[in-house]
Amino acid sequence: MKSLYLVLKYLAILLWSSFVALPFLWALTTSFKTSNGVTGGATYIPWLQYEPSLEGWKVLVRTGGQGINIVAPFISSAIVTLSASLISMVLGTLAAYGLSRFSYRLGFVKNSDITFFFIAQRIMPPIVLAIPFFLMLQFLGLLDTIPGLILVYVALLLPIATWVMVDFFNNVPPQIDEMALIDGCNPIGAFVRVILPNSLPGIMVGGLFCVMFGWNDFFFAFTLTFTKTQLLPVAVVALNSSVTPWWSLSASALVSVAPLVIIAFVVERFLSSGNMAGAIR
Amino acid sequence: MAKIELSDIAHTYEPDSDEPTYALKSLNLVWKDGGTYALLGPSGCGKTTMLNIVSGLIHPSQGKILFDGVDFTHFPTAKRNIAQVFQFPVIYTLMSVEENLAFPLVCRHMPQPERTRRVHEVAQLLNLTDKLKRPARKLAADEKQLISLGRGLVRNDVSALLLDEPLTVIDPQLKFEIRRKLKRINELYGLTMIYVTHDQNEAMTFADTIIVMSDGELIQSGTPQELYNRPETTYVGYFIGSPAMNFIECVPADDRLQTAGGSIPIPSNVSIPAGVGNLKIGIRPRNVKFAESKDAMAIKGQVNMVQEFGNCRVVTVRIQEEIIRMKLNPGTAIPSGEVSLDLPEDKVCIYANDVLIHQDR
Amino acid sequence: MALILEHIDIRVDDIAFLDDVSLTFKRGGLYTVLGRTLAGKTTLLRAIAGLQQPQKGTLTLNGKDYLHLPVWKRRVAMVYQQFINYPHLTVLANVAFPLRRAGVPAEEAKRRAMEVLDMVGLADFETRRPSALSGGQQQRVALARALVKRAEILLLDEPLVNLDYKLREQLREEFQNIFEGQDDAIVVYTTTEPAEAIQLGHELIIMDKGAVIQKGKPLAVFNAPATIRCAKIINDPPINIFDGAIENGAIQLQGSVLLPIPPHLAHLPQGTYCFGLRTSDLSLGGVIGSKVELSEISGSQTILHLSADIGAFILFEDGVSQHAIGSTVQVNLDSDRIYAFSPRGDLIAAPAITEN
Amino acid sequence: MLKLKYKQFFLLPGLIVLVAIIIFPLLFTIRVSFSSWDVVKPGLDWFGGKNWGRLFEDMRFWESLARLSLMATGSVFIQYLVGFGLALLVWRNIILKRFIRVLFLVPMMTTPVIMSVIWRTILHESLGPANDIIRILGFEPLSWLSTGPMAMVSVILVEVWQWTPFMFLLLLAGLMSLPNEPYMAAAIDGAGPFRTFFSVTFPLMAPISIGAILIRLIEASKLMETVYVLTSGGPGTATETSSYYIYIRGLRDYQIGYAASLSLAYLVIMIISLTIIAKILTRKIAQD
């Protein structure tokens, strides 16, 4: 019985791994194809089934008419995601520490209600915010600008940062900051000197979540930008609707997905350790 | 019921490192069927490792474990007829008390009527009868601990009950109740019981044989009296009894033992082997008395501290660099100035290089 | 210098953690607070440290109002039950932390920290992280950090409860020597173990359900507990209580057991009483028959749990003897050592303190 | 008293920013939902409850809601089963543990809309590898994106590929935080693998499972990007979700007023249904 269980186990893992790898491998082979590699039906192995060419990749960096110029959107995506994540993590960590350590009372609203208010933003479907943000940015004259998008992304990422950090701080025993108070730090001193240095794991998970949700957002970028600024996801989807050949489509897709996949390999240790469980409870 | 033998058992948690630290150094041990044993020692002395080897949760790096002569070393836990109670009460959260107690029998596909009979019998013993239908997780910590104890008792194939510091989370007043039930169970079922603890009072009150361990080594195994009156090494003398046994350096001087503050006669039935180094006199604080007569040769010292404990009074007497503690009844008068001490011959143990010199029978 | 608490009340959703507590702590005094779990001991320390704000009452140190002073402005040091240290700092940095916050230059802070580390026996651990140390060592680091500040008030909240039995005994001895040296501070030490409270304390305070039910010299409190509740808390195992009465010249217990009236109870009027007798004040070989519920041997003593018409009680016997469960045993109650409590539980008469 | 000053220092900055960015625009939308703002007459006027009236008869909105709940619960349920199964497999004694965990983690990190672009080429009926593999295995090729039910299956397939790793990660982290004693006790009681799972693992994992399911349900209720790229709501309106329908009304037909009322209705429905589900599930843990 034991060996059957093992065979089934590794078969299931193999099956799921191939299912996970399918889109990446397919996009990779397609990105080196030319038209005859595509139109004749699915082909997989370069040199054997089709003549590979770098055309798909070269077009990415060629500016002007025929080129797709993936570089500009890549940079704007990076700027917007990183700055929004930084702002959200700073505000989120402070708010989370406050919610975890102090009891706030505005009328009948208590701590848990405020924490729920932060988390409830995640329940808000993006479409509900699309119209108000559209009108707000129009009013502020920030439509189709990087700062406008950063402002919107802070609204998107701040609840995530706060949620992860509140749960992290709830697992740090309060006696540690009490000890710092007794040793002569005021609450801010206790936070900076004692809590922050021990919060690296939480900050890593929170920061990672912000970058992930920021980099991967399409909807807000799509509805709130037109010509001047364009983020990566919007650029790639624009190629998709126009009659762009599959190879440059696949190449641009792989390029925009690569950064976070690389981060996944680097940071796997943090994600699968206790913090994740902490981040959820 | 089974006789449990540990032959040449040792274990390390770093099998592949070149010089692994051994959580359990090589030892041999026999547990008689139906006996109550306590594994006593500070945390990290290997007592839990030994318990997990008996229960099969750890396979020892070397050595064999035999139940009634049958080698069980590589048997899985389920096949060994043992039951275990853990430090924190473990119950199946979705089940009622009755289902919890019946669970091991369900796993062993025992027919229903037999199962219910055994469950009710054990519930009656642990007076959980009126709580059988209630969800197990709603009970107090001590009742949950009784449930996990009951899961061992319902089975007809259990020969040894392992208890890993079971009373740590129980309120002091309820500990007595559980200890009473454990003793009743031992008498009723004749179960061998192995009880791990770092608290010597619990070990002394529970077990008829105590195994003192330190750094993965078995130091001494004996009845509470033997450990109290005749500790095998100075470590056991220090570890058992509160406050610890007194030890004073001494040198043999013809038929007496000369210490820094005086001397005492060598106990009649003890022969000091010639040329042995590092001799010590060991005596329990309760057995040291103030000497009535002014015996010139008696050990003398200065009283330097008196501690009150309510039900007893501990006097610390300084003899040059060493001290002797005396445990006296409350309110016992303490002479002032220099005091001379009487160390009754039958209460004195002599140690050479920290090991007891046995009396020649 | 004196720390004075007057009518302090702390309630959290109508559970009284501190119920009208008034206490005075004098400089150089070593106060032990004895009480069962949830008696309000920790809340008392947190109120003094400023971590918890009382709803009512005043707290003054040398006349200066302490209540409205924030925690970091009070010259207080505290040691928690769970050996709290700063995980990211080395042992030395941990102990020097409060000095650095008080503006002491790095060099001098390091020197004083090393001095105190040596005092608690951790001199050669200064570069280690607390997590790499054993429980006992971590608690020593926490103690060192509390001592280095030379604070006016030193609070210890059951510091030994999470340690091994033998380690507790050893550290208790060390604590006693260290506290002797703190003659210009107020030391408040909470515990659930009577022996520890009596051994360490110059002054003993007994707390139950948030209220201070007795205070005084440890031995005086031990010998004359104010109520049955105090008597039960101060004795381990708790004192035996027998309901009975004094009638026509004798002490009558249930099951028509008669005892001669001892001299220290002679003046008591007839009436119903609760009689108290410590476990060590009963002995075998008397006139009262009783059934052995359980007998436990602990090295030099035998503990007998007995039941009889007069009620269930525990007997401590010096020396070791075997008794099968269920067998009957004759017991003698030493009437000279009997306490008399009123039916409501207040102490009426206590046996004389014998100086034999 | 004094601590108050520090208390505000921590919470207020974050709270003010969030309220400013979210609440003001939301209030503005409520105002807009009572106006007839559209491409013909942009601007705020007072239109009374007509938008809301129209909404109740707008069958296309209610159908899109039904489709959404079908696809969302379907994909979350599959994600839970597959995620939990994989977590159980990878939890103990497994070779290449680190590599497999990262591989299982990667899909979650990718941009959903970009992976949908890739999936669109995979599910292409004649040129895509999906049908090619099916043909090799000897089955009839499937009309992935051209028939209603199959389009829904395709959307669920992509969602399962994208978000099962999230569920896998939460549940794996949960499994790794479980205490060891219950398993030792079950082993001693003689419980086999299945009985151990149902009597120890599953009950202990209940809180975390429910947390994970709730989070995924919240995310799945926003289903829009995959539909936009993969099927653009097609064929016809077979895979149109509420978000997508509101997107069409609001940002393509530019009926701002009506779209505002649609999005508010959608928000209220989401909050009510998710809180009800949350209450049911958490009461189930508390009770069992």
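For reference, chains read A, B, C and D in written order, and residue numbers begin at 1 within each chain.
The criterion applied here is as follows: a contact is a pair of C-beta atoms (placed from the backbone, for glycine too) under 8 Å apart; a residue touches a chain by one contact, two chains touch by 3 or more.
As the structure is a prediction and not an experimental result, all values here were calculated from the model.
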When every step has to jump to a touching chain, what is the lowest number of steps that links chain A to chain B? 2
Tell me which of A-D and B-C has more C-beta pairs in contact. A-D
Rounded Å distance, chain A centre to chain D centre (Cα mean): 15
Between chain B and chain C, tell me the centre distance in angstrom, where each centre is the average of that chain's C-alpha atoms. 26
Between chain C and chain D, the Cα-mean centres are separated in Å by 57
List, in ascending order, every residue of chain A touching at least 2 other chains. 186
Chain C touches at least 2 other chains through residues 70
Mind pulling the chain D residues that touch 2 or more other chains? 3
Give the list of chain D residues in touch with chain B in this complex. 179, 181-182, 184-185, 187-192, 195, 199-200, 203-204, 288
Chain B residues touching chain C in their complex are 42-44, 171-172, 176, 179-180, 183-184, 187, 198-201, 204-206, 224-225, 227-228, 238-244, 284, 286, 307-311, 329-333
Which part of chain A faces chain D closely enough to touch in the complex? 9, 12-13, 16-17, 19-24, 26-27, 30, 38-39, 41-42, 44, 91-92, 94-95, 97-99, 101-102, 104, 114, 117-118, 120-136, 151-152, 154-155, 158-159, 162, 186-188, 191, 212, 215-216, 218-219, 223, 232-233, 236-237, 239-240, 246, 249-250, 253, 256-257, 260-261, 263-265, 268, 271-277, 280-281
Which positions of chain C touch chain B when the two form their complex? 37, 134-135, 164-167, 169, 176, 192, 194-195, 198-199, 218-219, 222, 234-235, 237, 278, 280, 293-294, 296-300, 303, 305, 320, 325, 353-356
The chain D residues in contact with chain A across the complex are 3, 6-7, 9-11, 13-15, 17-18, 21-22, 24-26, 28-29, 32, 82, 85-86, 89-90, 98, 100-115, 117-122, 126-129, 131-132, 161, 165, 169-170, 172-174, 176-177, 207-208, 211-212, 215, 218-219, 221-222, 224-225, 228-229, 242-243, 246-247, 250-251, 256, 259-260, 263-264, 266-267, 270-271, 274
